[in-house]
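Below you'll find a set of structures to go through.
Below, chain A partners chain B and then partners chain C, in two separate complexes.
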Partner chain A sequence: MVEAFPIAFLFFAGAALLALLPKGALRAGVLLAVPLVALYLIWNLPEGNLFSAQLLNVELELMRVDRLSRIFAIIFCVAAFLANLYALHVKDTVQQVAALAYSGSAIGAVFAGDLIALFLFWEGTAITSVFLIWARRTEGALATGMRYLIIQVSSGVMLLAGTVLIWQESGSFTFEAMTLGSLGTWLLLASFGIKAAFPLMGNWLSDAYPAATVTGTVILSAFTTKLAIYALARGFPGTELLIYVGAVMTLLPTLYAILENDLRRVLAYSLNIQLGFMVVGVGIGTELSLNGTVAHAFAGILYKALLFMGVGAVLYRTGTAKASELGGLHRTMPLTMIFCAIGAMSIAAFPWLSGFISKSLILSAAAYKGYYIIWGVLLFASAVTLHHSGLKILHNVFFGQDSGLRPKEAPVQMLLAMGMTAALCIALGIFPAMLYDLLPFAVDYAPYTLTHIVTQFQLLLFAILSYVLLVKSGFYPAMKRSVYLDTDWSYRRMAPAVIGYAALMIGRMWTGVTRFALRQLTDVATGLYKTHGPEGRIARVWPTGSMVLWVAVLLAAALLVNFL
Partner chain B sequence: MSDQQKKAPSAGTQEAGSNGDLPPLGRLFSALAAPKAAKTLFYALVVLCAGSFLADFLYHKHTYVSVENIPGFYALYGLFMTAGAVVLAKIWGRWVRRDQDYYAPYDVDAETYPQDNLNEERHNG
Partner chain C sequence: MATASETPHIALTLRDHLPILQVLIPLCTAPLIVLLGDRRVAWGLAFLAALLSLVVSFLLMMQVMDGSFISYHLGGWAPPIGIEYRIDAANAFVLLLISLTATLVLPFALRSVADEIPARSHTLFYACFTLVLTGLLGVVATGDAFNVFVFLEISSLATYVLVSQGLYRDKRALSAAYDYLIMGTIGATFFVIGIGFLYMTTGTLNMADMAERLAGQGSNRTVQAAFAFIVVGMGLKVAIYPLHLWLPAAYNYAPSAVTVFLAATSTKAAVYVLLRFMFSVFQPEFVFDTNLLLWILAPFALLAMFAASLIAVFQTNFKRMLAYSSIAQIGYMLLGISLFSVTGLSATMVHLFNHGITKAALFMAVGALVLRSGTTFYDRIEGMGRVMPLTGAAVVLGGLSLIGVPGTAGFISKWVLVQAAFEADLWWIALLIVASSLLAVIYMWRVVEILYLHTPHPEAIHKEAPLSMVIPMWIAAGACVWFGIDTSLTMGAANTAATGLMGGTDGMALTPTVGGLLGNGQ
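Presenting the complex of A and B:
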């Protein structure tokens, strides 16, 4: 019997099976059972390279199990289970198949031991996930999905190009820690950076995630970006550049998260900020900070999914996720509100919730290594996250101005999924050892010190105070139906405009040049015709004899050539 | 179910908290969101803030960064930095704000969410 097989194939088999089964309980069973079985298998796998396959003379390592890949695979299975539970009402075959194939690809990529296998699964996540956006089946979603796909696939193309260059240099495809230097490594970093939503490269995230279906966004939020974080942690730990990249990531999206009206877009921006924390952790590169990155990815998948689930439930019941249209839903959706609040408190890192025990690892690592400015930036991002991802959502959806909407409480499968996710957020916060024991390195860190608890409460309580005062004084930006231009404007508006303008100008120049040339040629032709034509002045004085003479000369030349 | 639908037309206009349709938790939150209770909650927040600020003088802080030693550093940082971010966002928003249909039809912002993916059950129809 085979000891181990690629867990990804279990998901692909499940996805294929789904298409054959009739809609209903059987499919629901497959959707829930596959991630659970995979979780059980992964939990019990031994470490090492467990499975390799031959593809065109290349040995592919499909199951590299170590502490780093195992914890990511575990949280991916948990996220897939929770998201599928949340989406249990969905009857759309496309979404069900895409959900399983997408989570399977992400798990496959995490276990990939070499760059070729990583590339295959990397593209797999791109191609499967876009269907969760297209499943909305509107013109806007089609266009957004296309933009998303182009960017995701180009990330894969860069990965492939980098792989080829690295193979040329070292003759090896193994995916292991690298130092930046050659073009190949830079290409890999750029490829990971696109998926991890680096500044100026990551606007696809806030563009595409709010366009997906209610349940699709929950699934999307877990995998692609965290896979990129895994790849960074595996490939570029301790790359100092990443500290600054990550710090910028925690700052820039903040403005948009404060302004945005679409709350799922607010959450996408705030997801980008959380990725910034993880990238900083990778950049610092100590055992503590790498543990922090992994722990934060683990906790982040849960509380982010919880927030997307909460806002998604509101969208499901009211038809909108825009702050300007919502308000006062605490009356009829109190449970959803509580779950959202737990998610918000987790992301804001309240003590005894999951964000606290994961984020503090990264902050402490930055302080211990003397990156004081970075520490200050992260502290700021941490406080302001409470503003936009917590208070703004709770205030605009569940309290604030009454929208008059009285939607029913979220359906039972959504409540169950949210409840379980919220329970996990609390459990991780109260029993951090549950998470710390799974981390890649041994953890010697106590998150619950008196100083840490008191200072964290100070930070967050005063952040709440500032929010309340700003809203009361009417200074907080009003939520209006609008869009806020971000870097995606450059390829959605500027580039098409520039290209359009250039095309127009080149077209005009071409017409001008050809018209000029044509006129010149016509002039020459008519000039010649005038002078040498039948009616031309020169033709008039040509005697017939001169033509006969020239014919004779030509014949003589032909004779001469013949004899030579 | 039918009972709730009968009451529906008035539900939207009724005062918060007096709606019999509401789930028990919803009634509790309505009571908390009533203007008077909200005021009390606000003062409770102020008291909590003050308490956490003063707590700084009561114990020995273990610090790694020198600014941490300033009493109430985290409080001031939380208050002013977040407020600063909001001010900055507000200014930035003036530059980059566009109408909702700016990117239409190639974006979902101006679209309504397709009904067949939703289940808009409401108490007030």
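Presenting the complex of A and C:
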């Protein structure tokens, strides 16, 4: 048996090896083998702090294995394997290396036992992932990547600042559950919140993910945000604030998701909604809800990846992912359509699919603790999810108005990856025990009771019905407020509209504030340039005489200070 | 090691002579180069001298790593009458940096100098280079105050000549060298005036002896004046912020190889002398009482960190930008001193080394760029990272270290400095350190953007620099990473040095661990 060593280093070694190997089968082997070997190792790891390293005077715990970190590491390995399989046709060294290093950093962060190690890997994910966006090599992708990087790195900086403050207080770097209070803990929460795409902090998500390469988006969707969920579950379980933050997250992006035309962006918004569920679970903080969060992260990575893969395959074949330009592709891409449908049904929590068994944990946890409003919000959000992430995509891409496009079916490795992911989604749904056994706490929960199934089907059927009605009556997707009033659930639909409007206003205010700040900043920079620029007073070449004058001044000052 | 003093014997081994060999080897090489007068032999001899110095300084380092020190009596005359060379962790560390840089720079210089200086001057160039090396090593190795001045002048005078050699590329090198001459001479004069005052009060020139006699002086005006003169005089050499004005021009117009060597070593040697005088000759308590740290050194250190970095941000010339960045980095070292704690001094010592190798890597990359594009103005080195991948990558690595990204040497020193600020409960200083690092992100990013995100300039030669330049450059760049991960050597030496320095007179005790020629430390 191999001695315990940081699994992340396996990925880094793999990434380094990739750069040296010639393009071709060998590389493909490394790309697929590394996650599998890591998965095998992680599966067999004993629990405990297995590896520590010395950095300066600080002991770094690089391998804290417990049930919470192990399940995240497992799903990260699975996701890395599937994403690499999906991307097997890509011959771009930069993307391949970045993908491996990125997944390695995420796994390293999950196993990090202290805040310093967490910070190092946290920044690692930021720096490696940006290459997946830059790999598109367009001017726009460059700018988007830059924005993404700045936000991600500032999250890391906040993490570091929080770490230092906490260390000042307690003298320890251990990363354990903490209660909000001191500035340090708030900084950590903000840092995690940025990565978890909290409301108003998560614009980078819908900005950056659709800008990455076809395969890059699949990889991006799995790690960064789920890492943040892990960090929240580890650091802030039971923080009530998170329940409300999460609930807002499940509603806020809904409107955008419905209106958006770029399907990858739709998926990014819906990813944000799914994160909301997980954050709520963390906030409730019971064993059931934390289990739910972890299970939902696990299942979410799979079905989200599946959807991104499906839309990515379409983008790869047709060159567009715009809803308005697609339609009727089921004729030539039937397999992709089926896989997408499985993904869509999973995300919408159809019984016997993975979303159902994980989402219902969180919903039940909310209901048991008496958060009925939150429960309602979550229920509503999951119904609307079927609209934008399920029906809208299936309808606009594969059915609906025929676009006349007759692309080839997706390439083999993509189909293979999608097929495996879809199979996992179904398997988890049918055999929930597979997932439940891995969860951090013992599960005493039966997802398949008659009430659950009937309620869920009612909800889903209503959602489908409303979608059909809306499309038939021509109101979809050009949403107006009147549409909401026409439907049965108008009182619930009002909420997103109002929130959407508020978000728009806040967004405008934000733009105004940033613009003002930018103008101020420009003024400051101009002022600095006047003094510090090449022609500025203090950067100019000085005559020898004035240099000497300075020496005299300083000597006088030194003498004066000494004699005082 | 203690055996030497317990059992006196005449026949000393070569090992006991290491302290003087450190200085003697390059000192004798310089006239040899001139006498032989052959261009090709000149380089070989200079390189041999540098290599031997490196070996010697490494052996010395190994001997004093445990916190002991070696006292070597020149000509067998025991101090305080005779001249003493005294090696402890603090100066062995700086000796190592200086000889290491010299050994790296010379292979680099072969092509760079051939490109920038006409062949007829080569012999004298290498002779001067060896003299600079002699001077710097001597300044650091000696334990005699006047000897410091002598070696300082040796290295300075030779440096002025080397800087002026940039005139073949740009005539302004002459005025830069002239300014440096004037300022350097003023600095040296102040320094020698300070030593004069000290001699007046104590009647001795041996630093350890001086320290002992000063201990009883209390608040003597002469001693206080001496302190001010020495700090300002050395401050000129260090390029403390308002006294830095000679530095940008000197670095910018000097030949590339000279800039590499100066940036990595000469200000560092001056910082060492400053430390040695502040903490070993004058006592830590005396320094603390004079308020000089609080009222002059600390504010100007902070000012340097920001003002010089801002100037660097707006520069349009890579080499000049790096010169300003050096001034800012010196600010960090002075900040470490003014925090006045063992951790603070460790930060200064380790930054001295780490910044030395970082700047060596960066300025070597500058030299490679000069070779291929003829100049270092941003608009002419556009896109060169694409056609010179190794050089470009070295710039990126060096830049990361300059910023202080974890995993690089620069991170280690900044981390220790931040720790020192926290120990002193000055968290706002820690914030300022981080904030000024952000300025480094800006000015390094500008360079990276220019090197990579533009199409290469058509007039430049689109070819990687020769291996003789790339290999030393990458040794330095690799060292930036190596010492960012394995800190046992750098942090170990810095900690030992800092503890010794903060110990004051205790660190300068008169009983040596190793006897010198005939003296044997009795």
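Quick notes on this structure:
Going forward, the second predicted complex is superposed on the first by the 475 of 564 C-alpha atoms of A that agree within 3 Å, B and C clash if a C-alpha of one lies under 4 Å from a C-alpha of the other, contacts with A are read in each partner's own complex, and residues count from 1 in each chain.
By definition in this document, a residue touches a chain if its C-beta (ideal position, glycine included) is under 8 Å from a C-beta of that chain, and two chains touch if they have at least 3 such contacts.
Predicted model, so just to flag it, every value in this text is computed and none were measured.
In the superposition on chain A, A:Tyr316 makes contact with chain B only, while chain C stays out of contact range. Within the superposed three-chain model, A:Gln168 lies in touch with chain C and out of touch with chain B [touch as defined at top]. In the superposed pair of complexes, A:Pro411 makes contact with chain B only, with no contact to chain C. Applying the stated contact rule after C-alpha superposition, one finds that A:Glu123 touches chain C and leaves chain B untouched.
When the two structures are aligned on the shared chain, A:Thr544 is found in touch with chain C, with no touch to chain B. Number of chain A residues touched is higher for B, counting chain B against chain C.
Judged by the touch definition given at the top, the superposed model places A:Gln456 against chain B, while chain C stays out of reach.
Once chain A of one complex is fitted onto chain A of the other, the partner contacts of A:Ala19 are absent, as it touches neither chain B nor chain C. Of the residues of chain A, not a single one touches chain B in one of the two structures and chain C in the other. Considering their complex, residues 56, 120, 123, 142, 164, 168, 528-529, 532-534, 536, 538-539, 541-542, 544, 546-548, 550-551, 553-555, 557-559, 561-564 of chain A touch chain C. Residues 178-179, 182-183, 186-187, 190, 221, 224-225, 227-229, 231-232, 235-236, 240, 242-243, 245-246, 248-249, 290-292, 295-296, 307, 310-311, 313-316, 324, 406, 412, 415-416, 418, 422, 427, 430, 453, 487, 491 of chain C touch chain A in their complex.
The residues of chain B lying in touch with chain A in their complex are 11-12, 16, 19, 21-23, 25-30, 33, 42, 45-46, 48-49, 52-53, 55-56, 59, 61-65, 67-68, 72-83, 85-90, 92-93, 96-100, 102-115, 117-124.
Taken in their complex, chain A has these residues touching chain B: 89, 136-141, 143-144, 210-211, 213-214, 254-256, 258-259, 262, 315-320, 328, 330-335, 337-338, 364, 367-368, 372, 375-376, 379-380, 383-384, 386-387, 398-399, 402, 404-409, 411, 449-451, 454-470, 475-477, 480-486, 492-493.
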